[in-house]
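First chain A sits with chain B, and in the next complex the same chain sits with chain C.
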Partner chain A sequence: MSTTTISVNKLTKTYNGQMAIEDISLNIQQGEIFGFLGHNGVGKTTTVNILTTLLDLSSGSAEVCGHDVVKDSMSVRRMIGYLPENVQFYDALTLHENLAFFARLSGISKPGDRIREVLQFLEFTGFEHQKLATFSKGMRQRVGIAQAILHKPEVLFLDEPTSGLDPQGVKTLRESIIRLNKELGMTIFMNTHLLSEVTKTCTSIGILSGGRLIYHDSLAKTLEAFPGRDSLEDIYLSIGKQF
Partner chain B sequence: MRTLLVIAKHEFKSAGKERLSIALLVVFLGMVLVSSFIGWTTHHTVMSIYNETLHETGMKLLNPFLKASPLDSIKNTVIYIVLIGALLAVITGARSSVRDRKAFVVDLVFSRPVSSWSYVFGKLLGVQAWIGLVLLVAAITSWVSIWVVTAQVLSPLNTLLLLAFFALAWFFLLPFSAAGLISGAYGRYESTALLIPILFWVVVTFVIPQLGTAAHPTALLNPVASGNTTTGMFFQVSRFVLQPISLTEHFKHTSGILLRLQDVEPLPVWQDLLSIGVISLLSLGALARVSRQAIRQGLYE
Partner chain C sequence: MNSPAMTVFKKEIKDALRSRVTVILIIGLSAIVLLSLVVASFEFRAKVIDYQQYLQSLKQSGGSVTDLPPQFFPLQLIRSAVEYLEIIGAIIAIVMGYGLVAKEKNRGTLRLLFSRPIKSADVSVGKLMALACIWLIILVLLSGVMIGSLMIIGGVSLSGTEVVKLFIFAGLAWLYLFMWSVLAMALAGYSKRLSTALVICLVLWLSIVLIIPQIGDTMDPDNQVPGGLFKSLQVDKLHEKAVLAHFTGYETARNLLEETSLSKRFERVSFAYLGIKDEFNQKPLGFIWKTKWPDIATLVGATGLSIVLAIIFSKKQKLLRKEYS
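For the complex of A and B:
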């Protein structure tokens, strides 16, 4: 029996009176890869920022792994890993130094073994002593995944993880995400506007439009519910037209 | 507490890699050496005049250097701490906040179980630890140079006084580091984040002492505190108002006592220490109010 890992109830966020997201409610079960779809600027990052406790909510409530994101934010942070869009690091430090810093912040006092383990899992060895300044965008995204899973989180939040990557980079990252879900059982919440990626990676989707959640279901049911539509892109556009 | 120490250690390491901080460190340590050289030339000049006078007049005059403490030869270090040390502290503090905002790593840090309190105080501890290391190197440099200049090893008491002077300098620099960190957290541009604490340094170092003492601007570069130089009503009032917050004058006065400098007003040091302590506490209070949202703001350049 699956358990709810992320629970969002009537979540609303306003910035200086402007509504960013409105009345969002959704439940994400343990082990899902949830694709959060929507155009740029519809509130996907705002939602992730609230769920990762980086941003205060205006009204409603949200829980991650049973912990309230407002009242018990420190417990939420212990359970999650986060990869922001355009992730950056300390360029003057080496890969190992960067990862060691974030590992220690997560309570791993001697992170050497864990760093090696994570880099091996991601098939990203041989760069430990290189400065991040020399890394490509694709390499940085993999470092971003590495820092996010160092402390073995239960939930991984990824904000546009494939943004700006070349096709090989996209493929490598997609494979890593699927392995994290299948082999380590992580629940993954992924913001994206690339529908092809959702089809290849996600088990369920939610569509955000104008700050409101207009659709939420499993990917399989979504594809069944729209017969005659060739692709998720068609379905997405069809749902979008209804709202 | 654990995350605070992790951030402090990281900050200490990062501060040591900052080009601007390293440049100021080199200037500061260079000036400490210059201070000893100035002490040596002063010593040499006075001794020459003394010997010449003795030779010409056949009189027996008291050698003024016999009255001076060996610590007197590094008295210019007091003003270098006020000028370069404080500038080093504000810039290192500001760069510390700006570095994370510029590298966009703040969100990664705050997605960990790290409170804003641990973050800012960890950074302050790291910056102050780095400044502590700089001051320790300066203390060793001073001790050795006094030995070379005066051709005698400092007594245990004088060594303790020297260490107490550098410990006082560490406390004196704390509000400057905090001001830099606060400005680095709130500044919308990197340039303003650096310029605002420099303005703070100018006001604390030059404007407040001048309004409080009516001393000439050049007198403020004297390592000995200026005291009150006028009986005019305006300066009497401004002295009454500004004297308690005249951080640099308090530092210079207590430093003068610790280094046993001549011409220091024989006033008790508790007022100085109270003033430095209260200002340090106020700066820590202001730092504690820095919010996570402020630190998360992007920089516009």
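For the complex of A and C:
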């Protein structure tokens, strides 16, 4: 029996009176890879920011692993890993120093072994003592994944993880995400507008339009429900037209 | 010990030591302070040699010494160093404090930081500890080099009291520079736009460090003539006081204006401990404390207030405000 890992109920956020997201309700089960789709500026990042406790909500409620994101934000943070869009680090520090810093903040007092383990899992060894200033965008994304999983989180939030990556970088990252889900059982919440990636990676999708969740179902059911459509792109555009 | 604040502190120290800008600023400030001290030490040594040569030539000509020997007070050589720390040190302190928050805001690392199970106060306390530690290291090293420079180049031996007074000055300089750094950190945290914070910092620096003290100095009649108005008119201290007694209202107003400047307060109390002001020269520590404690209390109060502001303005919502609005 699967358990609900992320539960969102009538979530609304306004900025200076302007609605960013409105009445979003959804449940994501343990072990899912959820693809959150939508054009730029529809509120995907706002939703992730609320779920990762970085942003206060205006109304409604949200729980991650049974913990309320407002009332019990510290517990939520202990359960999640987060990779923001265009992730940046402390460039003057080495890879090991950066990871050790984030590991200690997550309560790992002697992070050396865990860092080695994570880097081996991501097949990203040999760069530990290089400063991050020398890293490419693709390497930084992998560092981003590494820092997000150091403390063995139950849920991983990825905000446009493939943004700005070359095809090889996208492939490597996709493989890492799938392994994290399959081998470590992590639930993954992924903001993206790359539909090709959603087809290859996700088990369920949600579509956001104008700050409202207009569609939410498993990927398999979605593909079944639109038999005449050749690709997810067609389905996405078709659903978008209805709203 | 690996508390979150300590983890942030260690990271900040590493980051600062590897930052080219910070290292250049610190080396620059130290070089200026030391250069002023080295020049003053050489001048001091030259004066001593001149006096010794005068004595020798007097002996050779069979004359006897009738004039009292000139008085040399080695701590007075630190005067220029005080002024450099007061003016240039303050702007460097602003850059350092501002940079500590601005770098995080610009890089976008705050989102990673606050997605961890740490409190906002841990971040600000870690950063404050790093600033305190960096200034402590700089001033302890500068004090050591000041003593060395006075002894080796100036050729003087410092008494125990003089060493204590020098370290009290170093403590005051630490408080003053730390206060500027913390204030800049608070403003960088408070302002939605970093450029606004920088402009406010620079306006404060101009007002407190340059404009108010300059107005105060200009209002002082004794400063209008090089070497002092009363000295140039050959008016002795007693008569000078008698003349000034007619201008007490004016002098009180001038004094109040100067007291609004923390830089002036730092300068006054430093000049008192270093004996640069005649009325405090060679006076015991207790006497200086009795007269100057309000200036010290003001510096401590301003630093405390800056710390409170830095902690309040480093809250997650405040720091992330720019990114999510």
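Quick note on the criterion: the second predicted complex is superposed on the first by the 243 of 243 C-alpha atoms of A that agree within 3 Å, B and C clash if a C-alpha of one lies under 4 Å from a C-alpha of the other, contacts with A are read in each partner's own complex, and residues count from 1 in each chain.
One rule holds for everything that comes next: contacts are C-beta pairs under 8 Å (C-beta built on N, C-alpha and C of every residue); 3 or more make two chains touch, one makes a residue touch a chain.
Computed from a predicted structure; not experimentally measured.
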Q. Aligned on chain A, chain B and chain C: do they clash or fit?
A. clash
Q: Using the superposition on chain A described above, determine whether A:77 touches chain B (first), chain C (second), both, or neither.
A: both
Q. Just chain B (first), just chain C (second), both, or neither: which does A:105 touch?
A. both
Q) Thinking of the overlay built on chain A, is A:15 touched by chain B (first), by chain C (second), by both, or by neither? A) second
Q.
So in the superposed three-chain picture, is A:87 touching just chain B, just chain C, both, or none of them (first/second/both/neither)?
A. both
Q | chain B and chain C contact sites that coincide on chain A, given as residue numbers | A | 49, 52-56, 74, 77-78, 80, 82, 84, 86-93, 101-102, 104-107, 147
Q: Enumerate the contact residues on chain B facing chain A in the complex.
A: 2-3, 6-7, 10, 14, 17, 99, 103-105, 107-115, 292-293, 296
**Q.** Complex contact set, residues of chain C against chain A
**A.** 2, 4, 7-8, 11, 14-15, 18-19, 107-109, 111-118, 316-317, 320, 324-325
Q.
Looking at the complex, which residues from chain A come into contact with chain C?
A. 15-16, 46, 49, 52-56, 74, 77-78, 80, 82, 84, 86-93, 97, 101-102, 104-107, 109, 147
Q.
Per the contact definition, I'd like the list of chain A residues that touch chain B in the complex.
A. 49, 52-56, 74, 77-78, 80-82, 84, 86-93, 101-102, 104-107, 147
